[in-house]
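Labels A, B, C and D are assigned to the chains in the order they are written; within every chain, residues are numbered from 1.
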Amino acid sequence: MSIPLSWYLILAAALFSIGLFGVLSRKNAIAILLGVELMLNAVNINLVAFWRYLDPVNMAGQVFAVIVFAVAAAEVAVGLALIISVYRRRKTVVADEIDLMKW
Amino acid sequence: MMFLNDPINFIAGWMRDLLTGWGLSNGLTTVIIYFIGITVLIVFAMVLDILLVWVERKVVARFQDRIGPNRIGPFGLIQPFADIIKLIIKEDITPAGADKLLFNLGPVLAIASVIILWAILPLSSKIFGVDLNVAVLYLVAAGALGTLSIIVGGWASNNKYALLGAFRMVANMISYEIPMVVVLLIPTILADSMSVQKITQAQSGIWFAILSPLALIIFLISAIAELGRSPFDLNEAESEIVAGFHIEYSGMKFGLFYAGELLHAFTFGGFMAVLFFGGYGGFFGLEKIGFFSWLNNPFVQAVVFLAKAMFGYWVIMWIKYSMPRIRIDHMLAFNWKFLTPLALVVLVNTAVLSKVLAGLPNWGYVLGMFFSNIVIGFITVEILRAYGRKQRKAEAKLSPQSAQNQEQAA
Amino acid sequence: MTADQIIFLLCAALIIVSALMVVTTRKLIHAALWLVAALFGVAILYVILQAGFLAVVQVVVYIGAIAILFIFAVMLTRREMLDKGAQTRSNWWLPALLGLLILAGLIFLIIGQPAFGRTAAAMPEGVDTLRNLGTALVSPDAFVLPFEVASILLLAALVGAVYVASGNKE
Amino acid sequence: MTTLIWLLPLPPLLAFFVILLFTNKRKALSHGIAVGAAGLSWLGSMIIFIRALGVEEFGKHVFGSSINWLPTGSTWLKVGVQIDPLSAAVVFFVAWTVLAIFVYSIGYHNFGQPKGDHDVAGLPPHGTTITEHGHKHTVPSIEPMYSRFFAFISLFAFGMYTLVVSDNLLTLFVGWEIMGLCSYLLIGFWFGKPSARDAAVKAFMTTRIGDVFMLLGIAFVYSFTGSLSFSEIFKPEMLQALASTPAFFGLSAAGIIGLLLFIGTVGKSAQWPLHVWLPDAMEGPTPVSAMIHAATMVSAGVYMVIRMFPLISAGWTEGMPLNTTMSVIAFIGAFTALFAATIAVAQNDIKRVLAYSTISQLGFMIAALGIGAYVAAAFHLVTHAFFKALLFLGSGSVIHGMEHWVLHTDDHVDPQDMFNMGGLRKKMPITFWTFLIGGFALSGFPVLTAGFWSKDEIFAEAFGNGHLVVFVVLAMAAFLTAFYTMRQITLTFFGEPRTKAAEHASETPWTMTVPLIVLAIFAVGYGWVGIPEHFPGLGGLIPNWFHEFVGGTLAELPKAVEFSWVPLITSLCVALGGLFFGWLVYHKVKSPKQDFLQIPVLKNKWYFDEIYNFVFVKPASWIAEKFTSLYMDQTVIDGLLHSVARFSLFLGHVFRNYFDKPIINEFLGDGTGNLVKASGSGLRKIQAGRIQYYMVVSMVVLVLFAVMYYFLIGGM
């Protein structure tokens, strides 16, 4: 295992930033969720990398990764359901056009 | 006789000596050997696949009271090669408005999702790709890829029938994955491991099929559903959606789908053998007797394994060619209202009993497991019967005409 | 530059490229598939990190469930097959700037910490990580509570999703 | 293991709450939950029992664990669970009988039948008229309060399990009281019937009398030993101290405590003089509540006193003359046994006969305990539970079968009167055979049945330790037992049907017959685990497991009494003789007039109800009406309440006019409202309604903060 820990962290950071860019810049709500997925995976990479590099006997890192999986699944399910029902009512999935909450 | 006892390592060692002798670096050698191994495995699988085409055609012929391919070569053994040549030289059409990239990606994923399964298939105690400690989950993961392939292919063809077929197939696969996963946990519990090797060795005494027949049945059903073969072949219901997700595919692309399905079926037969019929072993302790020690030879084991897998494949074919296709809502209802709860019940039962009966002697353990399954099965049947009776009553109330029919029938 | 470093860099490149494609490509369905590719790369990373279980679960959950969900959603929320027109908002430079800023800051911090230069110790002998993970997930003096909470969360999400997405209300 | 013991009582409790709160309308679901819970507890009990069998010297190292519950000064009041041989044996039959009841009651309450035409909650179902193949007739209808019934028996099962597994007097008492409540609820289940109401109140009150004394006893124990857990109390030195400490009436502390606790048993197990409630308890839904009161709850009383035996017998060793407490116990037990038997011979109601026989059998156990025959008492407790449960369920099945015709045509023969039955042998074969087995077990039919072995052991102990009086009385009681049992069987099953109802009786559904069969198996088989070694022929074929096992509970294993022919001959004679006479007398009796035993004094149970009514009930009600109601309530308390009410009215007026209106409403209320309105209209501008706009802003802020933090705080 001759890979420095920092490589993983930098990769994760890059993935995170890309995801953030996607979240902030895409028009389509589904694409925004895609960005969120990327960010979550960045987090997971960090968790697992730290688990492996710092304390491979104590499983905390992996456990949290698993829980992140669960959260991601739930988030996607509900998010997509919302998007679909919004699409049913308003015939659009562009985030900026969904602004009923504005003043 | 090193070769006969441990062929893989024998050849690998020989090659390592050869390549390092040529002055290649050690790491590079490893990589090369791995690639060669993978290639050999894939080639073996695909050749087997070709034979499977022949087997399928022969068996279906028998089921339908025909003879089947018998012109080309002995017993028509050359027939499948002819088929392949035909498929290759056919025109390869890509429909207008289709998404080229994905359209080509679909078949590749379809065959790949099967091939990667062979990485963990233990042909014998010595001949196997890799012994993962999460092999059972790996099986499910590969299934996920299969789902992906179908939806990609179906969507990219830009054809409503294809899309419908894909949707159905995905609904089918995703819902039947659940009882599949649940039931896969039962061998895991019984063998106390997820590695197929350990599961196989755990059955050297007694097959899990005997410890938990219900699990076997559920696994078989959900496996057929995963394969999308009849009676669950709604993805290609000719009568409703012309050919389902591969309607637009022609030539070898279709061939890949077809081959993938056959190989998938055979692979699932193999996994059924591994998980429930003791895989390459499971001679009920026979091999421990000195006289039968040749049963431990890896080649014998491989033959035994292939035979068992072929049996599973044959059972799947048997069901396919003797069952009518069922309606989509029935299929989903069957899964969610019946199969999944039953699988959970069996799982809980196995978990509890394997702890409770742990103290007992072996025969007590086996009998307890077996009869608990029998009891559960019986109760299930009773529940089903009561349910059916209620339904018939309801129908009778609805229409006196049908009521009379009932009485005449009864 | 050893073998595993090469593998790591390859799959890092795969991840980054496909991630970029996810956020930039026009065809949403391709974006979803690029996401699958990126997640697959992450799964490979897990394998390199000797977390085989997580790798498999990554494939099952993300590629088997989440990606499929995305593809379904994409298919359900459109009239024509391929998206036309710009998929990014008019002021996309601001998010880009933000992303670069954050990336730069993080890299700056990571480089700044010499502790992060370390390489991993070899896996201690006889540690069955899979078994450890299992016990850690369900043993009361470890993580059984978060685990259960997560399961409840999933259930709630399931019910909520079904309710929200089922069209035939009111 | 101990966790399992802790969990044992829980499923029924959960079932109780779930049924009561959620599934009240869903009948199938309710009984599903209840039976499921009972099944879980059953499973747990079986596991525990099997584990217990596995342990060597189980009496020495029992399963048990306890937790601190209440801090009492420096020490803690501990509550806990414990399974020792005795409770293991008890939990075994409790699990079986409870499960049997649950399944049985599904069939008994006519599950699956349509709703009644004019059924009302609180009355037994009247049946419903349906039309089949053209012509209409009446079939039994489902119990209107079906779910509630299952909730009640679930709670009951919880009480019983708690009582059995508890390792201290406190939780034991808790379970005890829960069961008291449940018996009240179940006896008064059909609260529409005045008789049921009265019976419920009567049972509650009567048992309360016993319980008060028992509570006194418990308090006494605690004040003496500073602990309530059995293991603490039964320490030899503790017992020594208790036995040596003199208390009032020239009794030792142990004696007083034993006596007080025993009075609790007298109430719970319906011993004379507190036996009056049990026969009336038959008002409950036949026979399930009856069976509960007969097979399970009353056993709790005996179980308690057996459990406390080391305390009661403190300072007494085998062979010594009995100490006061034990002789009292022996006297009451023996007397009750005979006394109840005499009443039972004159009853015509099939269930009342069983009720009185229960009383008398309990008397047997109490008497056995009184003469120190610890194991014999426990043995008879278990066997009796099985065959008495069997008998009650059987009688219920008979009644159920009879009711068909009663519903069918509106001629109202009493379906419980044995003189309306007869010849049911052919109509209801399963019920008949199981009932026969149960009856023979009850009357101690030799060698085959369980009842024979347990009774024989009691006789042997009584004779062998030279308590001849007890021996003779019990022998007479046993004779009567066999007699009335045979009378019952003959009247019910043999001969010709005496009414149309009996002619048209039909076998009951499988939910009712299956429990019968299971219990019948136990009623025969359970006796064989307790065959004494020296028994001629059979002895030693099967090791006397029960004696070893349960005897192990005590400090030193009680030595088995040496074999003697006299008790054996006696028990043979009384059993066979009683059976024979019963048949001889009754096989041609057609109506009550030919029954020479219909003596008023016996029929009216020695006028005990009348006496109690005159001595206690009348004065109590007089005080209640005249003094409490008229004077205390209406004058003193009501006056007080009214004045309080007036005062609070005045107070409210003051607050409203001088505080609420001016300060709260005008100042706080409207003022805040205006403020919020103003600020809101100011701030609304920044709400664009676009997520990504929000996200961008928040990210910018985040980055700014991070940078600030790094350079200002983190940096230095």
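We take it that contacts are C-beta pairs under 8 Å (C-beta built on N, C-alpha and C of every residue); 3 or more make two chains touch, one makes a residue touch a chain.
Given the structure is predicted, the values throughout are model-derived calculations rather than measurements.
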Most widely separated chain from subunit B, with each centre as the mean of CA atoms: D
Computed distance of Cα centres, subunit D from subunit B, in Å: 55
Gap in Å, rounded to a whole number, between the CA centres of subunit C and subunit A: 6
Inter-centroid spacing, subunit D versus subunit A (mean Cα positions, whole Å): 59
Centroid spacing, where centroids are CA-atom means, of subunit B and subunit C in whole angstrom: 29
Two or more partner chains touched - positions in subunit D: 692, 696, 699
Set of subunit C residues in contact with two or more other chains: 2, 53, 57, 65, 72, 89, 94-95, 98, 102
Sequence positions of subunit A contacting 2 or more other chains: 20, 23-25, 96
Pairwise chain contacts, counting only pairs that touch as defined: A-C, A-D, B-C, C-D
Residue ranges of subunit A touching subunit C (in the complex, touch as defined): 1-11, 13-28, 30-31, 33-35, 37-38, 41, 44-45, 48-49, 51-53, 56-57, 59-60, 62-63, 65-67, 69-78, 80-85, 87-88, 93, 96
Complex contact set, residues of subunit C against subunit A: 2, 4-5, 8, 12, 15-16, 19-20, 22-23, 28, 31-32, 35, 38-39, 42, 45-46, 48-51, 53-54, 57-58, 61-62, 65-66, 69-70, 72-74, 76-77, 83, 86-89, 92, 94-96, 98-100, 102-103, 106-107, 110-111, 113, 116-124, 127, 129, 132-133, 136-137, 142-143, 146-147, 150-151, 153-154, 156-158, 160-162, 164-165, 167
Subunit B contact footprint on subunit C (complex, rising order): 2-3, 27, 29-30, 33, 36, 52-53, 56-57, 59-60, 63-65, 67-68, 71-72, 75, 81-82, 128, 130
Interface residues, subunit A side, partner subunit D - complex: 20, 23-25, 32, 95-96, 99-103
Of subunit D, residues touching subunit C in the complex: 692, 696, 699-700, 703, 706-707, 710
